[in-house]
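Some structures to go through are shown next.
Both of the next two complexes hold chain A, though its partner changes from chain B to chain C.
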Partner chain A sequence: MQHKVTRFAGSTFTQVILAGYTVLALFPIVLIVINAFKSRAAIFDSPLALPNSESWSLIGFEKAMKNAHFFNFFGNSAIVTVTSLVLILFFGAMAAWALSEYKFRGNRWLMAFFAFGIMVPIRLGTVSILKIMVSLELVNTLTALILVYVAQGLPLAIMILSEFMQQIPKELKEAARCDGVGEFKIFFQVILPLIRPAVATVAVFTMVPIWNDLWFPLILAPGEETQTITLGVQQFIGQYATDWNAVLASLSLAVLPVLVLYMFFSRQLIRGITAGAVK
Partner chain B sequence: MSHVSLKNLKKSYDGKTDVLAGINLEIEDGEFVVLVGPSGCGKSTLLRMLSGLEEISGGDLEIDHARVNDLAPAQRGIAMVFQSYALYPHMNVYKNMAFGLKIQGAGKDEIDRRIRHAASILKIDHLLTRLPRELSGGQRQRVAIGRAIVREPKLFLFDEPLSNLDAALRVQTRLEIAKLHRDLNATIVYVTHDQVEAMTLGDKIVVMHDGHIQQAGTPLELYQRPANLFVATFIGSPRMNLLEGVVSDTGAQGMTVTLAGGQTLHSEVDGTRAAVGDRVTVGIRAEHLWENHDGSERFAGTVNLVEHLGEANYLYVTLSSGQDIVVRGNGEREVALGQAIKVSAPAASFHVFDRDGLAFTRLKPGNLRSSKG
Partner chain C sequence: MKKPFPWHIVVFLAPAFLVYAIFSAFPLIDTLRLGFYTTTDTNQQLFSGLANYYTLMVDPHWSEGFWNAMRNNVKFFLVHMLIQNPIGLLLAALLSMRGVRGAKAYQTLIFLPTLLSVVIIGFVWQLILSPLWGVAETLLGYVGLAEHFQPWLGDESTALFTLSLMSVWQFVGIPMMLIYAALIAIPDEIIEAAVVEGASAWRIFWTIRVPLILPTLGLTTILTFVGNFNAFDLIYSVKGALAGPGYSTDILGTYFYRAFFGYQSQLGSPTLGAAVATMMFLVILVGVGLYFFFVQRKLQRFSF
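The block that comes next holds the complex of A and B.
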């Protein structure tokens, strides 16, 4: 009986902590969303209040939509995020497979090299990256951003994926080899389907920082044509007057695509597929 | 026709120490060969070398008189069944079996025909649309065997396929594998560490130890004429009793050995290559020792432990010389601990091994049981 009570108390404590953290994390987002639907005066009068019939206004969204470049910004963000994500997952999975499956000289050094990539923030190299991009004439192109993000995302992707790949039973690959399946087919038709949860995890971890990044778009691609949404929002923030309606509305909209992608991947996250492979 | 021959096959991981030191073996068409030995003896490595998953360091491997050392697994015409089944978890049973065939470029109808055929042999027709995780251990094992059958290989390789099954299922699956071998007339190489599996399944058993073949032969040959001490103690349960002694008289018709306790015993082995005074080891199986029976060679001792099996019991006896032996007794008779007991054995039932563990040829092996009173 007492045991039950302590366990109940323990789990309540855990729930309280988690709930507290959730509130803390969601608060700014909720604040942005509720204020996006209010008139300018209402935002400053009572920023914490929910929109009511008096304060309800869609003016922010209208302004944001009317901005000629708004959809362009969205498109840029989408192109950069999706392309980087695809490249990171594709090359990351292939590199992880090579590093975990094949024994070759320098294998461990390569692994250490990628581990190093996780430890050192890529922003430390901003100046050199800018120099390289200038000499490659890639400044103000989306390619520059994609290249940087791929480099930024690969190390973690390789680490996580190779960890998962090592857990795939050796016999499975050997069975495939006995079946006469080529190495590429083994990778694409046996290994990749099995590490789908891991790929989804990596996708989520990789996608969010890229979508939200302000630093590299600001430095490498600040041109009108190549601005991403996070950078584009700054247009509404002026030196003397900030159009808070528009800022909050576009930030609210900016959350949506990542949210959709996250929901898509998280379904994969919770799926355990390897059950039944080997006893 | 598929004939497999291993000529001086070697395996070494570092180029210096041999894991397998020159394996020679002929496998005839339709033969069921069992590789058996304690763990670490190299039997699994040998199987993997046959399959092509492990590189061959030296010697020749020929399948149908063609050297296949450097061929990939699929090109050798082998199919392997793994201990862990190794089914593709994301494919259903049908796709698991079809995968390899599709890769080989077989037509849809041909694939379907082969899978239906294999499924009906293995009685897994009703499972074809299931995923591996929805199957029981025994069913998974059948699917793994089915995946091998559909490829119509020249050679089946089984790597301890029953180890993951529970005892009852193991006996049943063992029977089914034996039946499968008969029905398909397949050539099979089967690895196990379980000597009962080896004895029941194999046409030919290859006993391995420390990277060497100790002896290859039919189950009965290994049981009746073990070539050396290792095979003698490895085959048969319980383990063969061993008694140390010195040769006191020897000749082509038999050998007399004086045991450590001073007792002498006569054994019907060809002792021409032994000399008086040589140290030897005498072996006698528990089932050849009879309690309270007037065999020619007698021992006396006390019982300190009894294992009841039902049809028989095993009596652990300490002889008056201090040696411990196991005797197979009448299972339906109560034996008290500490009870004095006399056991005897016919002279023909003894095995004798020289100092290097090599056996002297037995003159009249086998058929000892029929004379048991």
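The block that comes next holds the complex of A and C.
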């Protein structure tokens, strides 16, 4: 009997803590989104209320859309993130395959060389990266960002993918080799389709930091045409700091795509993180 | 018979190697080299030995700011270690208990803020804490603490701590996830054996689970360390490059940015910036080195 009581108290305690922390984690985001749909007066009079027929207003979104090139920013972020991710996966898979499959001199050194990039942030090389981009005339281009993000994402991708490739059964490769299939064909037709489950893990770890980065867009591509959404929001809010409708709306616009994507992919994402972390 | 040269290996490695070498490894080495040069008024770079490091560490004009940024960065890291990671551990421990209703949902929702841009999080909290809007004050009022409200972000004595807490709020999901993954990977038999022996849940947690997840706690620590000593976005978007009020929220990332690009009337210098980056590199290297030589090695000896 007493055992049951402590157990009940224990699970209530657990629920209270978890639910409480969840509220704390979500409250700021919810607050911003609900106020983005209200008139200025309502934002200040009753910030905690949901928008109703009286306080409903889309003025903030109209201003944000008119004043800033939001669609342009989204486009830039999408191009940079997707292109970088594709290149990281492709180059990373090739390198991971070479490092995990073939024995050659310098293999371990190359592994260590790439592994170094996992721990040391690429930002520390910014002075020199900017110099290189200036001399290649790539400043204020999305190409500059893509190159840097590919270099940033490769080390971790190579590590995750090569660990995954080591688990591919030997028989598969040997069977192909016995049939006289070339090394390139083995990689593209046998190995690439097999690593699909690891792709989710790599995508999680590379896409989020790229999409959210402020540092490199600020330094390498601050021009209006090439601004990413993170930099765009930062600059826009700096300019319109006193226009609460526009600020709340632009914050919501920046949050919503992530929220929508997360609703669809959170399960794969969390599985990817837990799987990646256990190793 | 000599084997043909393995061209396929070269082809597989070349793209990744080139991009990584040119845009990550080389710039880092080049930055370490540039730290030994000074930039003249005509934009020439001259070798000057340790002059930049002397400037940073001793010259009163720069050293005061440098050590201030270093101190603040240490505080920023300590807040994460003392608040973020323990909360992460607590949440992970609760989530990994058997039969917790809604565990998956809680996990998904608590992890959400880590996916948002630091810029957005910075602005969101800035609005909430704004005395103009008064949301924080109203909320404190509900629990009878309204008179304790202050514009924390604007006060030199509280701004850095407030910003650290904003960052803790955003990133607590990462230690939570890592630790959770480690906790559920512990074989059931070990726990069951302890239960049969009559150990309490509390005791099982501290004497069996925590020792078994020490490698993950070590990993969490080093990830926090590297992330914190490389931080920039939050301070820059809330406080700008000047990291006010009165540089009280200045950390190495913002100091690096100012040394590199200049601020107000002070001209920036790429070479001085490179020296700051080198110092950050050394700090991170020491952290990572300690992690590998002590934590990793010691733990491997005891792992099963």
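Keep in mind that, in the parts below, the second predicted complex is superposed on the first by the 200 of 279 C-alpha atoms of A that agree within 3 Å, B and C clash if a C-alpha of one lies under 4 Å from a C-alpha of the other, contacts with A are read in each partner's own complex, and residues count from 1 in each chain.
We take it that a contact is a pair of C-beta atoms (placed from the backbone, for glycine too) under 8 Å apart; a residue touches a chain by one contact, two chains touch by 3 or more.
What you are looking at is a predicted structure, and each value in this text was computed from that prediction instead of being measured.
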*State whether A:N72 touches chain B only (first), chain C only (second), both chains, or neither.*
neither
*Quick one: classify A:V247 as touching chain B (first), chain C (second), both or neither.*
second
*Name the contact category of A:I132: first (chain B only), second (chain C only), both, or neither.*
second
*In the superposed arrangement, does A:L48 touch chain B (first), chain C (second), both or neither?*
second
*In the superposed arrangement, does chain B or chain C reach more residues of chain A?*
C
*After superposition on the shared chain, which partner residues are touched by A:N140: those of chain B (first), chain C (second), both, or neither?*
neither
*Looking at the overlay, what does A:A25 touch: chain B (first), chain C (second), both, or neither?*
second
_Tell me the contact category for A:T83 with respect to chain B and chain C: first, second, both or neither._
neither
_Based on the A-chain superposition described above, do chain B and chain C contact any of the same residues on chain A, and if so which?_
182, 273-275, 277-278
*Interfacial residue positions of chain A with respect to chain C in the complex*: 10-11, 14-15, 17-19, 21-22, 24-26, 28-29, 31-32, 43-44, 47-48, 87, 90-92, 94-95, 97-99, 102, 104, 110, 113-114, 116-117, 119-132, 147-148, 150-152, 154-155, 158, 182-184, 187, 208, 211-215, 218, 230, 233-234, 237, 244, 247-248, 251, 254-255, 258-259, 262, 266-267, 270, 273-275, 277-278
*asked:* Considering only the defined contacts, which chain A positions touch chain B in the complex?
replied: 169, 171-172, 174-182, 185, 189-190, 193-194, 273-279
_With touch defined as at the start, can you tell me which chain C residues reach chain A in the complex?_
6, 8-9, 11-13, 15-17, 19-20, 22-28, 30-31, 34, 87, 90-91, 94-95, 97, 99-104, 106-121, 123-125, 127-128, 133-135, 138, 169, 172-173, 177-178, 180-182, 184-185, 201, 216, 222, 226, 230, 232-233, 236-237, 253, 256, 260, 270-271, 273-274, 277-278, 280-281, 284-285, 288
*asked:* Quick check on the complex: what are the chain B residues that touch chain A?
replied: 51-53, 72-75, 78-80, 82-90, 99-100, 103-104, 131-135, 137, 140, 147, 151, 164
